[in-house]
């Protein structure tokens, strides 16, 4: 038989003004199982809590109901008090007679009756409460960061500086990502390389960062605090430990005319190469598709000239398992390509802009490379077709973005700003040139952003035309731009020397595959989903996995860096303790009843349900049942509502507790 | 400002099943804003609407509820990512079933009430209370509960004949 | 009308008209975010007093009188360039069709009478002959529009080239055609069709 | 007007089933075949499990082969050998149940050998087994059947089912009739129906989808549903049953067939199937789906009923 | 005697081909005969309503087209359409009626018959390039059009809008060029091949036509074309019949013959001028054809 203690709070006058608290205490005291009931001015005050603890000890109470304010207010307070008196905290419940009763009703009699019923309901509920032990999970204090762009670099440095080991995995031969390709950055026009490369070097030199470049995530197992990640290190054909980065191999490689993707195919590179001179690590990689040795078996020049003997044609992919406790996903974005899209693709191309076949119609990133001092033209703006300096240049915004017809409805967020920057860079380099920008809306929220945009118009003389471009076509060596100015309401035609398209930010190709490996969710475009749009913007719903940068949605550099540091802080919070403690409101499976239909697994938003084999003593398979991993379970209880045989139960909200409440009414 | 409270002959019993993150918090907000609403509602807190089993609604009606309110987070706001989406489907189906067996759906209300919508909570509770008050008590389940009649009632001539022969 | 101040209120924004346009055209009007790409590519934009994007804008504001009073909708060539290039899947060519239909029903408040006349004669020809006879169409158009001498020089040349036939056969399916016309009229009378 | 339904193919089907069963049993590719055999009463049939090739001759198929054999693969599997592939004779309607069970991890396709039966329809439960199949004696479920030739089986006799007359859809008509009533009238209708229930649970026993080891309705901590055959408990039981089968039941109508009190149980199931088709375009039993309609969602699902 | 697997089509010429575009009709029939492709004219077809009908009365337009589609069901084979406008209307009708259940019901009421939505409607180009195939087309060539520089003009209605006619890519189609290259001609890259010629304003607002067609002729000329090829009687009317007028207004000189696709392909297949109706063209093509030794 339970011995329940009921404590009715006056809350000063907040409750007692409309609810006859003495009557409530008296009436509830008559309920079977209630061994003690009283009322007090302020239950949450020190003396109030003292009263509670004293009663627990003296009256040998088995359960406690505190009738007071909302549990959202003081449940933690009272559960802690109960715990300090030696009871399991989950044997204490609160009856909300303030927010749900005294404050919303005026009639004293009505309110009192309602309060008695509310408390009675909680008394019935608490009788069915069970002792719930706190759940602890061990934490491996190492972190994995996927992606070596500015987001991954920032997160890795922050976590490593906090004293934890970091494994940084980058798909390309060098870290740096898109930011390393940029010329200058808005709104300050800092040289991107000047602020980026020191950070890259920091990563390379950090004693607690283990860097895997030219590597990808193969497989992820485990859960928060306890992941096992398999990394595939692709064959580089150069042994990193031996290579000194002298660069002789690159100089001597006879294959020289391979378009360099880092330079948007404007420059050339050899078959053994580093993507750009400041690459980290400064270890070349052999492009096996274009290398004569791999294509014909002959050549081998690089091996011959390599002093330390680092070139290894026999190298194979290696799989490495890394145990980590947290994962930061910072895989970044791809740019919408203006080339023709394959038939049936959900993202459609721009035939009206020539499908990328007009040579002097380029995208924004190509313009960055043209404008970059370390780029293929040494920072001179020139036309890819004939190397002439363009005197009339047209920028078109929202290419791909905000175009549901093309399959992308969202705003890419950064294009308004980078186009404004492009007009400035252009004006700085081509003084007698004229820049035109076709735009729909200028979206420039951000510190010093609108001022920057206005500067491009007012000081750098860019002509902004509100309206879109219908079509581009080549006419002689000019490109005819057929647009409209909707403010004036007339068509506009410009014969341009060069056209720059501000193409959309898209999720990385293959983002969905990685998400499936990690067990995180993504939206219809394949951007990764955060756990809560407002309150948990850097966490995935899957515990222990955090997001940084444009893999979650279009972002500029400041936002990316902030989010990366935020993700790092979340990782540090997790690593601050040796054991992970969590509220024991988790689902548990009654294996005897489970028939293995796995409805629970199908509805679980967290992927917390696993399949577990039950075997007899001889090792024969008896049945397969569900198992809820308490480290991963979020505690929503959708599984229980869905389970046909109710063989999975959410602790703290069991059917028994709920039915007891309904039956009390 | 004290208006004379109307006395009603029938005070319906309303049971509300709400999620703790949105609607429960919304009801708290109604309290902290001192909004007023009928005292007929009893609130049962769940972690998520995804936890609410249709059987609970049935049970509530059997237990004498005259109206049932189910309320949770707006789509996309679920604290547990998708619990309310699952609940939405479940209840879309369940209400059709209840309707088919003859339960007047005027007694069963679903709503999305966020933590910021104290006013909407008041509106929902008041609306349902008044609506159910207008419909009168939920007699069906109460009558059913009172019927002790064994299923094999002798209501056909064949059965009567067979019974008489025993 | 064009320059008159717009007084916006729930009464002056005729949303029921917009709904009608949406039902007829099967496309959303509200979806348009005024990027102006339609106007940029429209071959007829230079002839219109309201470029295509503005027609949609006026529609969004429920200002249909302004649209129907102008000639813009009658100057649309139905080339579908706008629909094809719209980033937002607004099928503007269909909206234009719907507007012309509604203008037509309202006895064409527009000043643009030539295009309307040509359309009217074209449809009459179908109803009477089942097929188009360009000679007759052109001749009647010139008479009705009072431009007796229009394209005078082209006529004889076309006749000698066999391009304008002086005589024509009636279609054998005439009753069938008449039935379609009258059934549609009937449906409209009963309010079954717009 | 009563129309005769052509069941002449059943002889050929029977022979084909026997031949195939003999082949797979003697080859050893299956350890048993679940099928139908003649029962004692003239023309009647009963489920049978054979494990010897020599017994293949026992197998038959006729209009009296009403049972859904799927249930013998899950909870009524006591005569089924533990190891090896099992052959099973399936009508189109039974196959839908098997497909559903596969989606719910109760059966594995690779452990089954499906012998599909081209079917012209079976007799209603109230009709004596040696009666001819006509538009008057055919089971209600067969009146609206669209799967006379099961698809995707391992073996299907090469006989085409005869073209059957288009018959009035009784369930659809009855659902429409009930839907047109007021809630009070519907309540009265179901109250009368459920009042008859004696809680024998035959419906639960025969249903392929009621495979829970412990039924929610048998639990007493807490007691979710009253167990005694009182009207209140009966009502709750049938609602819970219909809800649990929503989106899963493909309409084999076995529940209705075995109900000793003639409660129109399949009507509830058909109603739910209709609603789920309308709401989510879901139809049970056509493909092995990982997730049923109530185990998944779409962000754009209808929510017009939610304020 | 046609072999069993020979191509056969129901044929919908459209009003213009029985009037101002008689040469298009003639050359189509002759070319298809030469290529062994069967054409059976749909009995008692009537006007599709063209642009004027959908311009002011969509229901009427849909009903007329639906009725024609229904009539075409009588004849075996897919429906071959020569006129780009008729093609566009028939395709659009199928598209709209399969998207909108409501409109389909209205139309079925108006024509008092079910609408066949699954019948294939094909433009001649599609038949030549895909059904017959470029390879077989090339094999039928007896007199390659070598040295003839052609500007292929698509106009509006062959490809637009997205997903409706589905003849080719809406912005960068190549089907006309493919066909012409298969018969040995040279095609020029030019900017105005998809621009509008003013089409149905030819009657009501000829000034518009003059302005738009001028830009097209200019562009073709600038690209170095000898002639223009079209697949639409309306485009042909505007570019050919009004060419003299345009020259007058703008003081230019084009002398740019405008051929129908079937005329050029027919020429390559060895058909004589009289079978192709070349004499019906207003801008005389003979000097050009003689110069290129094609006649």
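Read from first to last, the chains carry the letters A, B, C, D and E; within each, the first residue is number 1.
Just so it is clear, a contact is a pair of C-beta atoms (placed from the backbone, for glycine too) under 8 Å apart; a residue touches a chain by one contact, two chains touch by 3 or more.
Here the structure is a predicted model, which is why all the values come from computation and not from measurement.
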Residual chain groupings, excluding chain A and keeping positions: B, D | C, E
Chain whose averaged C-alpha position falls nearest the assembly-wide average: A
Relative to chain B, chain with the most remote C-alpha centre: E
Farthest-lying chain, centroid of Cα atoms versus that of chain C: D
Chain A and chain B: spacing of chain centres that average the CA atoms, whole Å: 39
Inter-centroid spacing, chain E versus chain B (mean Cα positions, whole Å): 66
Chain centre separation in whole Å, for chain E relative to chain A (CA means): 54
Distance between chain centroids, defined by C-alpha means - chain C, chain E (Å): 23
Two or more partner chains touched - positions in chain B: 54, 59, 76, 82, 86, 90
Multi-partner residues of chain A (each touching 2 or more other chains): 352, 405, 603, 642, 655, 659
Residues of chain D whose C-beta touches two or more other chains: 216, 224, 294-296
Chain pairs that touch, as defined at the top of this document: A-B, A-C, A-D, A-E, B-D, C-E
Chain D - residues contacting chain A, complex: 104-106, 211-216, 219, 221-224, 244, 290-292, 294-296
Complex interface listing, chain C residues touching chain E: 24, 26, 43-44, 47, 75, 77-81, 83-84, 91, 93-94, 96-98, 100-101, 104, 114-119, 122-123, 125-126, 130-135, 137-138, 141, 145, 150-151, 154, 157-158, 161-165, 171-173, 176-177, 179-181, 183-184, 187, 192-194
Chain C residues within the chain A interface of the complex: 33-42, 45-46, 50-51, 53-54, 81, 85-89
Touching residues (chain side chain D, partner chain B) in the complex: 178-179, 183-191, 195-199, 216, 224-225, 229-232, 234-236, 238-240, 242-243, 246-247, 261, 268, 271-272, 275-276, 279-280, 293-299, 301-303, 305-307
Chain A residues within the chain E interface of the complex: 340, 350-352, 354-355, 405, 473-475, 480
